[in-house]
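Two complexes follow with chain A in common, the first pairing it with chain B and the second with chain C.
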Partner chain A sequence: MTNEELILKLKKIVKPYIQDENAFENLTEETDFINDLKINSANLVDVILDVEDEFDIEIDNDAMEKMLDIKNALAIIQSKLA
Partner chain B sequence: MIGNDIIDINFTKEQSNWKRKGFLDKVFTKEEKYLIKNSECPFLSVWRMWSMKESAYKSHLQYHKKRFFNPKKLECFIQDTKKGYVIINQIKYLTHTIFESNYIYTTTNSSERGIKNCCFYIENTIIKNQQKEVYHQLKKMVSNKLTINYNELFIQKSIAGIPKLFVQDQEIDIQFSLTHHGHYGAVSIL
Partner chain C sequence: MTENEIKAVLPYQKPFLFVDTLTNISEEGITGSYTFKKDEFFYQGHFKNHPITPGVILTEVMAQIGVVCLGIYLLRYENLEINAPKIALTSHAIDFFLPIHPEEKVTVISEKQYFRFHKLKCKVKMINAKGELVCRGEIAGMISK
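And then the complex of A and B:
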């Protein structure tokens, strides 16, 4: 799957939890889940669980530790799908 | 170092489903899950420990700078209904939690000195407004404490996303922590 395809899927997953529409509309690989999209940290757990369900992968705690922005999320998903 | 975290109880009921499959396993250690399972009110137990973790993490971050998302690495220990501590990479952070009818509030304080807290109601729950209100309260408290004109104070976030307080171009050497969630916000200053 290309990063562009992954970003589209990720955008769909994070949409229910975002609290900054502007940052969401202008989302890039640099976008930070908490600082930019203002996702509540408890909802970041939901994002991770939704990613696991969507891609049928398991994100262990070591991988989760870096799940702070789109770039790292893409890298983690790509490595688990490989 | 100090940290704080507030949880709007009604808001969190709408926003988060802690009973969701996998949620507790991602957030809590085996020992913490045991405490939740055996507590009188698992809901309050979940969110009390969440606020302990957040509060201690904020305190930790001020010194260690490097952000990470791994709630299980922040291990909670409960002493009584108010007191507890969180261990992060072998460092112990003492916590103090209060339960009000509408919110749970935890502070972490590694200093000998006491911290001053102010919890308040926020009418408009849009995130930008919550932040604006919390900044206003911080400036009010610091203005009183240090007798600096409110209008000369401004706040800027560091690269790590931590807010810093300035008067004119000088950073003010004061430890503080800010939190907001739903209809509630709080400021702690040392």
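And then the complex of A and C:
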């Protein structure tokens, strides 16, 4: 799966949890889930659980701690899918 | 972890402690009860001359028993470790069916949906002394040592 395809899927997953519409519309690989999209920590867990379901992968604690922005999320999902 | 060990680390006190007893404590869920006193502080204003337990308090009872007490158990506190857990309510969706009056006893039954990355989400219901459904829904919170 290309990063562009992954970003589309990620956008769909994070949409219900974001506060900052503007940051969401202008989302790039540099976008940070908490600082830019203003997702709260509990909803970040929901994002991770939804990512697990969507891609049929398992995210462990170490990976979870790194999944703070789109770039790292893509890297982790790609490595689990590989 | 026993009922009393869980209660010892609860971060609440009067007039906002709503846990009397805990039973059926397991990895998958917990049951607990609370009996409302005749003179709980919120009856002074809810409602004028007509005391009924507020829905937010019923939600609080369900959260304290069903999520916080279960969370403390799942965090595996060691014996005599009494540093209070860090907790935050993060979401709830509750439907209410029956009113609860002063001196009524309620029982809360909570089933864990998941506990991952410090987030505990539970399916919780409350029944009255007759076994009738008072309210039910989902409550989630963040909890860590």
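Methods note: the second predicted complex is superposed on the first by the 82 of 82 C-alpha atoms of A that agree within 3 Å, B and C clash if a C-alpha of one lies under 4 Å from a C-alpha of the other, contacts with A are read in each partner's own complex, and residues count from 1 in each chain.
By definition in this document, a contact is a pair of C-beta atoms (placed from the backbone, for glycine too) under 8 Å apart; a residue touches a chain by one contact, two chains touch by 3 or more.
What you see is a predicted model, and the numbers here were worked out from it, not measured in a lab.
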### Message
On the A-aligned overlay, A:Met1 touches which partner chain: chain B = first, chain C = second, or both, or neither?
### Response
neither
### Message
With both complexes overlaid on chain A, does A:Asn35 touch chain B (first), chain C (second), both or neither?
### Response
first
### Message
I'd like to know which partner A:Leu81 touches here: chain B for first, chain C for second, both or neither.
### Response
neither
### Query
Once the shared chain is lined up, is A:Leu68 touching chain B (first), chain C (second), both, or neither of them?
first
### Query
Any idea whether chain B or chain C touches more of chain A?
B
### Query
Just which bits of chain A does chain B share with chain C as contact spots?
40-43, 45-46, 48-49, 61, 64
### Query
Where on chain A does chain C make contact in their complex?
40-43, 45-46, 48-49, 61, 64
### Message
Residue numbers of chain A touching chain B in their complex, please.
### Response
19-20, 32, 34-35, 38, 40-46, 48-49, 52, 61-62, 64-68
### Message
Please output the residues of chain B touching chain A within their complex, sorted ascending.
### Response
12, 15-17, 20-23, 26-27, 50, 54, 67-73, 126-127, 161, 181
### Query
Which chain C residues qualify as touching chain A in the complex?
88, 90-91, 114, 116-119, 140-142
